[in-house]
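The following pair of complexes shares a single chain, subunit A, combined with subunit B in the former and subunit C in the latter.
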Partner chain A sequence: MEVFLSQFIFGIQRGTIYALIALGYTMVYGVVRLINFAYGEVFMLGALFSFFIIQLMPLPPVLNVIVALLVPMALCAILGLAMDTVAYKPLRAKPRLAALITAIGVSFFLSNLVSYIGPDSVRTVSVLLFATAGLVILMTLSQKLFNFPKVPKSTGINWLKRSIMVGSLCLLGAVAWIAKPALALLRWKGSSFTAFPVDKLFEVVKYPIFGSVYITNVQIVIIIVAVVLMVALSFLVNRTMLGMAMRASKNNKEAVSLMGINVNSVIAFTFIIGTALAGAAGVLSAITYPRITAFMGIQPGLKAFIAAVLGGIGSIEGAMVGGIIMGLAEQFAIGLAPSSFGAAHIDFTPLAEGISFAILIVVLLLRPQGIFGEPPQDKV
Partner chain B sequence: MKKLTNKAVLFAILGLVVVYGIVTILHQNHILNDYIMRIIILMMINAILAVSLNLINGFTGLFSVGHAGFMITGGYVAGFITTLVFKVTAETPYYQALPMFVIAILAAGAVSALVGFLIGLPVLRLSDDYLAIVTIGFGEIIRVIFNFISFKVDKGGWVQDVGGPRGLSGIPLLSNFTLVMIVFVLTIIIIRNFIYSRHGRACIAIRENEVAAHLMGINITKYKVMAFVLGSTFAGVAGALLAHIIQMLHPTMGGFMKSVEYLIMVYLGGMGSISGSVIAAFGLTAVSEFLRPIGELRMVLYGVLLIILMLKMPAGLMGRKEFPFLVPLKERQIHAKN
Partner chain C sequence: MSKRRILRVAVTALVVFAVLLASACEKKDGDSAAPAPTEVRIGIVAPITGDAATFGISTRNGAQLYFDQVNAAGGINGMTIRTFVEDDKGDPAEGANAWSKLIDQDKVVTIVGTVMSKVSLAGAPISQNKGIPMISPTSTNPAVTLVGDYVFRACFIDPFQGLVAAKYATQTMNVRRAAVLYDAGNDYTKGLAEVFRDEFIKMGGEIVAFESYATGTSDFNAQLVKINAVAPDVLFLPNYYNDVGLIAKQARAMGISAQFLGGDGWDSPDLFTIGGTAIEGGIFSNHFTAESTLPAAQAFVRDYEARYGQKPDALAALAYEAAMIVVDSIRRAGSIDPTAIRDAMATTNMETITGRITFDASRNPIKGAVLLEVRNGAAVYKATVNP
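After this line comes the complex of A and B, so read on.
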């Protein structure tokens, strides 16, 4: 009973983090039908930004907590907006798969960039900002420069583009080959992970509730913050004009744009909200598991997506419920799997990590639309 | 109209023989050192992976992100068979080791096909997004499973782990230029023949319009699963070859990062072009060897490359064009008429 209760508390805590990321997935998927794989990386960057804020600013404790949560959220929101403008907006009219591949590219880019620079250097933030700015400038420039008139017969592919492409690749290779020593100098790496300074935010206090079961103030803060964010989100979606526009865009984008609503800005807002929530989840996660690595976002990102599928992708309540269920299931699997079994002492805990994917397969087989989702209707 | 003779295929065969001869002679005269031979072999293995992924992603219009997962499955199966079942070591003479290696490659292909079937069957009934997530998840499950399996085999005095977090090491070096080239050419031939067969046309029809293909009487799930299983079979075969050239396997090699590299090869070469995938695989493997001094910055550049490709050149290098020798004679005649 005591084991069960303490695992339950940990599970809820884990679940709220998944739920916050899942909200981003589900909102964007509802409006644009795009799985933004990069939420895991936003999650990681949220934790990282928060780390820098704490390092930079010595503030009184309570204010510190608020700043360390809100500033990363704002930065992540800006990142989300940049992601949408640079990578996804030009692909709105293209097949959905193109945007999905771009999303994988964004995710790959962000995590590897942070890994390359090393997550514990102050340079990270500046380099990241420069890289984002550089990408935006590059994109606008390339749109201006390479906007050749289309040859009518060719369907999107011509020799000019092809030779530019091959040429630039060769150039890249040549430059890299020539500048080898300089590039080797560039290869600077700090340690592969960094510890999140929780002690600067809280003094961890344990409150006993039942027997040996206790709840820490960190857990209470996490659950409260998550609940506040979710309530704010449901207020935004259900009670404001913006939320109404979002819900309407989910149903029919053409009709919404005929009503004089700028669908692109609605989508941009969805991205902003989703990334801000993912950033908040990153901060909350870093407080509980104070270890920041460049690839820490991949697993929670995937699991949050599974949570969104479980709840019914496109449904906001579904993401919340799905996240909590996922967190509980995973925590119970980890907590209750035997760590030594039989004569050979087989450790089953590594397998518990795979439980989320087992859940995914089962959900896809039995109820692909999820708990709250409506069955998809194919329009021909 | 002048009848087109199948000159292109003749020239291609001639070219292959000449390339094979030149590389072998150069290698035997130590002009090409072992390092370069290794890169050439890796190029061909990557080309097998890219072409088989193109069959899934490019020709059938699915979206698999777990190709490295199938590759590592095949690698582990083959490595397990040669290293631990047959106990091949570096001292075993090559003519004795070769049949065992062939068995291992076939087993690797078969196991990967089975895994692909088991994963594909439930998921391919749903839309593409789910396949993407499930295949990513599959890579993670593979990692978890190979981390978990840890039975030990006593091998000549020292105990060897299969799997486990340390990975499988001590795999004999059995993939040589000749063998890999044979498998590479076979893969190209089989996939090319598949694509221009009735089944391949069904797959292309599914890519173009699923509903219309369904109305034409094509069994959608059957052909999707068929393409997926064929693709994963070749991934397993490539994994077996790869395991016997880099001589060790690690659970993380089946993950998301590796899969994205193959995705980039497919989209750089062009979705739905075998020639494009081969060119891109050769080119990217060589370029990434040149870029080795800059280390992980390579990965960052890959991410940027993927984004720019999708934004600026969604057709890739070759679009859907093929080298003439990869297109059947009849097909070329039809295009020549139009």
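After this line comes the complex of A and C, so read on.
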């Protein structure tokens, strides 16, 4: 009984984090029909921003928790907007597969870029940025001087756009160059593991419930934050004009634009909210498991995607329920799997750790639309 | 191009070729003309540049230090040691080139090298075929010495640390109930876990939980709840420092009070930053510590620090030890014939900076391991465990 209850509490803890990332997947899918695979990386960046803030700002504990959660959420939201503008918006009218593959590209780009932003290799990043800026200048000049490749007048060189691009690349390069000593000071290690200074936020306190079963303040905080965020999200989607526009865009984008609503800004807002939630999940995860790396988002990202599919992709309640079910399923599968079975010491734990993928297969076979999803419409 | 120009180029090429040929012959003559050897040629291979450069530099420094000390004390049987250092860059192909160059061109009689197992595995067949003994200071992959009878190593292989932990738990701590939590996706951690399990049972203990996790996991609570339910005296964690730090945190938060034991995968300052107070009191085995109380080890640490301005790490110590074994073998062989050196090396039985060392039938050393304890966010010397 005690073991069961303990596993249950830890399962909820695991599932809450999946649920928060799954919300991002599901919201964007609901509106744009795009699976943004880069959410795992936004999750990682949320943890990373939070890490930088804690290192930089010695604030009083309670305030620190709020700042270390809200600022990364805001930064991740900006990133989400940038992601949409740069990578997905230009492909809106293109086949959906193009945007999906771009999403995978964005995911790899972000995790690998961050893995290079350690004190050892940040100067490489800087050189790469300068080289890209140089390349853009070179291409522009060759286009201007030799008129090669031939471009129609209407799509010719947009000097303002190019200048902004080169300028921001150079600026980023300069920041990366200067950042080296700062990063060493922050003790960020890029692709290797870095400790997340959770002690600077609060001390872990245990509240016994029954026997050896207990709940910690960390678990209470992550569950409360997650519930607050989910309730706020439900309110936003179901009770506000923006939410109504989102739900309407989900059904029929053409009709929505005819009503005078800018579908692109609705989509941008969806990205902003989704990435902010993924960023929050990253911070909560780093608080619970205080170790961060550039590749920490890959696994939770995948699991959360499965959670979204399980709950019914596109459905907000589905993402929450799916995340919690996934967390509990994993926890109990690992808890029940014998890890040294029989005389041959057969280990079933790796199998149990993969239960999420088994769930994905079963869901896709039996109920592809997920628990809360709308059944697929027959195309005549 | 005019005919005269072609002629000029051809003549120049011919002259250059002739000069090269002459100098090459001269060198050969000089070599064979030496009647009694006055020098011992020894090769050192290490990744001095590349990703593992810090390891490589420590390795070269450690070996070079000992050879220089021997020369300063009059050399081996009246002969001076001349070292030839090659950089393998951590790349097997570069390693194979280094081996060929040292043996064919520099005519070394023994090679100390190299750090990474995959590179040692590229050099070992060359040593074996040409009959030039080699001793790797730090390649722990069991396959390295299995290449042939000319291949030795100075470090113990990984699973030995499982035995060390089992011995410490049953004999020093005198406990009987142990649990294990290891990374199932890593041969290093799996090997240690299995050896610990078998040896601990052999020594009269009971394994009350034998749990694993997938590589990359951050949440170990499911396994730890199971371990907590059986209340072990000892929790063996043969994993890398970052996992160990997280496991320790989650285990202590849950109320698991078992003694944590581990292997050299713990050896990183990040163990303390991630594990915090939870890892305090944990004990792990390692090849060497600069805090060893053995007089020979203290002398080595002092000399190394005086010359290089920093404390030696385990790699420098193992390279120093490998150099000691080489010099001892040449001394006992009484000649610089590679086969005689190999035969002497196989019967090594000497005191080094980590205690007494001998070789088993697979040319793996039988030697002691040091145990370190985490105290106030640092690893301090606890004890030496002999096999």
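Just so we're on the same page, the second predicted complex is superposed on the first by the 304 of 380 C-alpha atoms of A that agree within 3 Å, B and C clash if a C-alpha of one lies under 4 Å from a C-alpha of the other, contacts with A are read in each partner's own complex, and residues count from 1 in each chain.
The definition used in the following text is that contacts are C-beta pairs under 8 Å (C-beta built on N, C-alpha and C of every residue); 3 or more make two chains touch, one makes a residue touch a chain.
This structure is a prediction, so every number in the text was calculated from the model and none was measured.
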| item | value |
| --- | --- |
| First, second, both or neither for A:239, with subunit B first and subunit C second | neither |
| Touched partner set for A:350, first subunit B, second subunit C, both or neither | both |
| First, second, both or neither for A:7, with subunit B first and subunit C second | second |
| Partner chain in contact with A:199 - subunit B first, subunit C second, else both or neither | second |
| Touching partner for A:367 - first (subunit B), second (subunit C), both, neither | neither |
| First (subunit B), second (subunit C), both or neither touched by A:90 | first |
| First (subunit B), second (subunit C), both or neither touched by A:100 | first |
| When both partners are placed on the shared chain, which of subunit B and subunit C touches more of subunit A | B |
| Subunit A residues contacted in one complex by subunit B, in the other by subunit C | 187, 189, 298-299, 347, 350, 353-354 |
| Interfacial residue positions of subunit A with respect to subunit B in the complex | 35, 86-87, 90-91, 94, 96-102, 104-110, 112-113, 115-116, 135, 139, 142, 146, 155-157, 161-162, 165-166, 169, 172-173, 176-177, 180, 183-184, 186-187, 189, 298-299, 302, 305-306, 309, 347-348, 350-351, 353-354, 356-357, 360-361, 364-365, 368, 376, 378, 380 |
| Sites on subunit B touched by subunit A in the complex | 61, 63, 65, 122-123, 126-130, 132-134, 136-138, 140-141, 144-145, 147-148, 211, 256-257, 260, 263, 267, 283, 287, 290-291, 293-297, 299-307, 309-315, 317, 319 |
| Subunit C-touching residues of subunit A, taken from the complex the two chains share | 2-3, 6-7, 10, 13-14, 187, 189, 192-195, 199, 204, 206, 212, 214, 216, 285, 288-291, 296, 298-299, 330-332, 334-335, 339-340, 345, 347, 349-350, 353-354 |
| In the complex with subunit A, residue positions of subunit C that touch it | 184-185, 194, 197, 207, 209-214, 216-219, 221-223, 225-226, 228-229, 242, 245-246, 249, 253-255, 270, 273-274, 276 |
